[in-house]
Amino acid sequence: MSNREPNKAEGFLQCAHCKKIIFSVDFEQNLSVCPYCGHHHRLSAHKRIEITFDPGSFSELDQELSSLNPLDFPEYAEKLASAVEKQQTNDSMTSGTAALDGMPVSVAVADFHFMGGSMGSVNGEKITRTLERAAESGAPAIIFCASGGARMQEGLLSLMQMAKTTAAAQRCSKAGIPYIAVFTDPTMAGVLASYASVADVILAEPKALVGFAGLRVSKQAGVGKVPDDFQTAEFALNHGMIDRIVARKEMRTTLIQLTRMLGGTSTRVR
Amino acid sequence: MSNREPNKAEGFLQCAHCKKIIFSVDFEQNLSVCPYCGHHHRLSAHKRIEITFDPGSFSELDQELSSLNPLDFPEYAEKLASAVEKQQTNDSMTSGTAALDGMPVSVAVADFHFMGGSMGSVNGEKITRTLERAAESGAPAIIFCASGGARMQEGLLSLMQMAKTTAAAQRCSKAGIPYIAVFTDPTMAGVLASYASVADVILAEPKALVGFAGLRVSKQAGVGKVPDDFQTAEFALNHGMIDRIVARKEMRTTLIQLTRMLGGTSTRVR
Amino acid sequence: MSKTHKEWERPLVELEDGILKLKEIARKEQDPSKREQQETRISDYEARRDRYIDVMYANLGPWEKVLVARADKRPYTLDYVQAIFHGFIELQGDRKGFTDHAIIGGPAMLDNRPVMIVGHQKGRSIQERQLRNFGYARPEGYRKAIRLFEMAERFRMPVITFVDTPGADAGVEAESRGISEAIAAAIFKMFELTVPAVSVIIGEGGSGGAIGIAASNRVLMLEHSIYSVIAPEGCASILWRQADRGADAAKALKLTAQSAVDFNLVDGIIPEPKGGAHRDVPLICANVKTALLSSLGELDKLQPDAIYADRYNRFRKMGVFADSLGI
Amino acid sequence: MSKTHKEWERPLVELEDGILKLKEIARKEQDPSKREQQETRISDYEARRDRYIDVMYANLGPWEKVLVARADKRPYTLDYVQAIFHGFIELQGDRKGFTDHAIIGGPAMLDNRPVMIVGHQKGRSIQERQLRNFGYARPEGYRKAIRLFEMAERFRMPVITFVDTPGADAGVEAESRGISEAIAAAIFKMFELTVPAVSVIIGEGGSGGAIGIAASNRVLMLEHSIYSVIAPEGCASILWRQADRGADAAKALKLTAQSAVDFNLVDGIIPEPKGGAHRDVPLICANVKTALLSSLGELDKLQPDAIYADRYNRFRKMGVFADSLGI
């Protein structure tokens, strides 16, 4: 995939998609969506939380969790250390509680910048706790996904996170607590094939990459020709896999409406 | 569709499918399956019961139910009277209880010869009672389907039989009682789109016609080309709609095995 | 040969066109006395039109009901959704590889309560008609409906369905993806629900495609909607090998709301404005809303188990037959 | 460059071919003394072969495990089904328009109790391999599995799954029908079960395609099976851009049964006959049966709620990480 981040420079930057020059201030105000081509650039977890939930309502939890190198996997420790230093966080997933138009929600927000959002033990544990908190407290769960898939450096432990997180989603479902997933660019492989795809409602940002295998693998495996929009949110929508594509600037409103209708009423019998 | 009945004559008959001449005795002994081409000719309900369930175990119920002409539909009364006289029964569906290798079962067996097996109020009521008896008694339900669809002469009353019979199947499912459907030639339209398709296990006789709309309608409605095996049991199998195709001579054994495994054990917790 | 909707409505349409032209002339008229004359003439024509509508709709025959139920101008599901509910969010997809636009659905607020809406949707423009497959739903439409029914059950939201289809898609593609199974499974799922379900037949209640989303606790019909086991043309073509004898078949099939109530197959008729639903959309929407609130009000008194049983019992008693004991 | 299975086994295969030839010669030999000589030589070669197998299998490295797990001769799901169970009736179809032969399933009797079997199935002949898509299951395979899991729950039958796949189908068709959703939904469904579920990894436990039917109360691995988050070749190609360094990746990934037990991710190892499962199929089947009966025996003591909770708790504790309190 091409680099989807805008190239930054002093005071302005270049859209990685349409190559137009954008003033940084405009870009910020437009929620990192290109004002020319509408490309939704990737967001940090911090920024996503800021533009989505009620101001100041987010309380981070589980931030003490950090990855080990249980398999003694080559170069893993170094990669981890570098990501932790660069991103100033322990994992791609930031989890906690927040409010959405006053309604309490249990949230997790992925940041692709941290090791490609890959799901290892810490990541899976945070998702699981987010969904468990929802099931236990009755606050709807909202998860923003962004991941290349499982973290291979944790081997089978990573694969097991697919089961663990999906089990937690099942708990939510059984308890009658809504769980909304938002697919952002990219939502792939082991994450797409586990907790992400079993949400009650699945929203996606426009043009987000959504798929099971890398495009190269799919082309090798398949015999048919590859459609132009293959593995985009639009393709997923046309193939019945997601509910809606929602522009970033509509996301908060849509989440509020859904949360209110599916789980925010006081008349609900639990 | 071509007439699928063999042409009878003194002591021998002609297979409507391969046109070969068969001795009646051979044909009978071979369960009305052509010994040359394997074509499964249609069976009367009486014959089907005889070759499927334990000898003498069938007790007919609901035989007192008979059709009225609530819509005062043109020519319906005459058609009904003629069918009743010719087939010596009140409806295409024969329902009751029987035993299968000693296990009690609640059964209904359709006979296409009676007004094309169409589902009117009596037909729907018999299916419903068969499934209700299963749900209440714990005896698995086995239904042999053969129908061109709903009986249009009873108008909306017939359409409502789709809902009524499917509701009864849901009762069975909720009670944890197995319901096995066998699609025989033909299983179509309103019957296929209701109780027939929600069985736990669906078996079909080879080459049975299985479909939603008449072939002509499908061709008109569709743009694609029609596959050679369109609307056959084989097509349905390849499209995931049925579990197995079972030759007539294997049917009893298969039903015994399934009934025993799904619902015939004494260790079962109800 | 049965009349088409255009033929049947032509005198009315001509009258209305005339009135419009007269109004245009009157608007441009400078001379006040002449304008007064013209306005009198307009009133006269309008009264004539109203009388004509009275006559046309006073005693619609079954075939005319078919024509009205299918009319292009008739309000469709989304017109009701927009007028009666707020905050509707359409949810898509069967989660199995396909999507269908002939059935739409999603949560919305009915006054202050969340409900789950599912309905057939016909298109208005040529493109939209194609997108929505002329209201012929595909297997994925019913599978989407099933998913939304499950969501409604999980979150304890009443289900409201709007029925308006000539029938389910009967093409090769639909058959290969199991249109029959999809309809059967949708009916089955509705019978699992322990939340209230109310259906409104707003236009065409076309056979299996209709009952697939109409296995509800309460089923209401608009005054000029139809509900039938088979399209009258299909029935005529089977009975008499003459598809153009739809009017005779419509009569034989007893497909009107009035007949359905007589046979206790639907629970109520929602009155339409004079001249049909499309002549006063706010009024028909208000009537539908009143009927929905009233039905839900009755069902709200029931516990989940009783809602489940109510639905079963509603359909269980449908059927007319004789037994040896006398009926 | 990592050895292939053929390369690795070549000395053994050559020895065995030699023994067969010697036996043929001895069979035709007329002279008793010469035949005795030859038979001594055969015994000698057989002893050498046994020693060779001992050495080969005494300390299989991770890559050799990969080779053995993938071996053509290895028993597949239906071999176990045939030997361990009786009365198996294969049930087909996802009831949504598609069927898949890379996952098979249906009810069978395990001694005197009915169970529901689901498993990946590879093919032996070229045609069968194509039919079964080389063990790469498609969305419809997982959807069939879901249907069988539901049936097992409804009729209170324990679920037994056999895992043997290089991974799920990642092609354009599989993607368009939602392979990810299908896997996720299958995992989800397994966690709903209140009947016992036991999985046996008999060959390749390939990433998402494997866990899709392995979210069980007990997960056992054959001694020389593998279970991995990614195929070693794929891992090597990402890490070092050298797909042929599969052996190095296999080592790094810790994909053996022994490692999986060390990390408490699987519950037990089923010992294989000397030289691998294919060298004594009755023995490995007996071992698998014993293990299944033992696992089911433990689970039979639990009530439905406890079975559900047991499965959750089993997976809930998986993961190795530090927290600020020190782990």
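Chains here go by letter, A, B, C and D, matching the order in which they are written, and residues are numbered from 1 within each.
By our rule, a contact is a pair of C-beta atoms (placed from the backbone, for glycine too) under 8 Å apart; a residue touches a chain by one contact, two chains touch by 3 or more.
Remember, predicted model here, so these are calculated numbers, not experimental data.
As a whole-number value, the distance joining the C-alpha centres of subunit A and subunit B reads 51 Å.
A separation of 33 Å divides the Cα centre of subunit B from that of subunit C. We define each chain's centre as the mean of its Cα atoms; on that basis subunit A and subunit C are separated by 41 Å. Multi-chain contact residues of subunit C, defined as those touching 2 or more other chains: 95-97, 176-178, 181, 185. In subunit A, the residues that touch at least two other chains are 173, 197, 239-241. Interchain contacts give a graph that is no line, ring or star and is not complete, per the touch definition above.
Pairwise, the chains that make contact are A-C, A-D, B-C, B-D, C-D.
Against subunit C, in their complex, subunit A makes its touches with residues 173, 176, 178, 197, 200-201, 237-244, 254, 257-258, 260-263, 265, 267-269. Across the complex, subunit D meets subunit B through its residues 87, 89-99, 106-109, 113-114, 140, 144, 151, 154-157.
Of all residues in subunit D, only 95-97, 139, 143, 176-178, 181, 185 touch subunit C in the complex they form. Partner subunit C is touched in their complex by these residues of subunit B: 64-68, 70-71, 73-75, 120-122, 124-125, 128, 150, 152, 154-164, 166-167, 169-171, 173-174, 189-190, 192-198, 211-213, 217-219, 221-227, 230-231, 235, 239-241.
Interface of subunit C with subunit B (complex): residues 136, 168-181, 183-185, 187-188, 191-192, 207-208, 210-212, 214-215, 227-230, 234-235, 238-239, 252-255, 259-260, 263, 265, 311-312, 315-316, 318-325.
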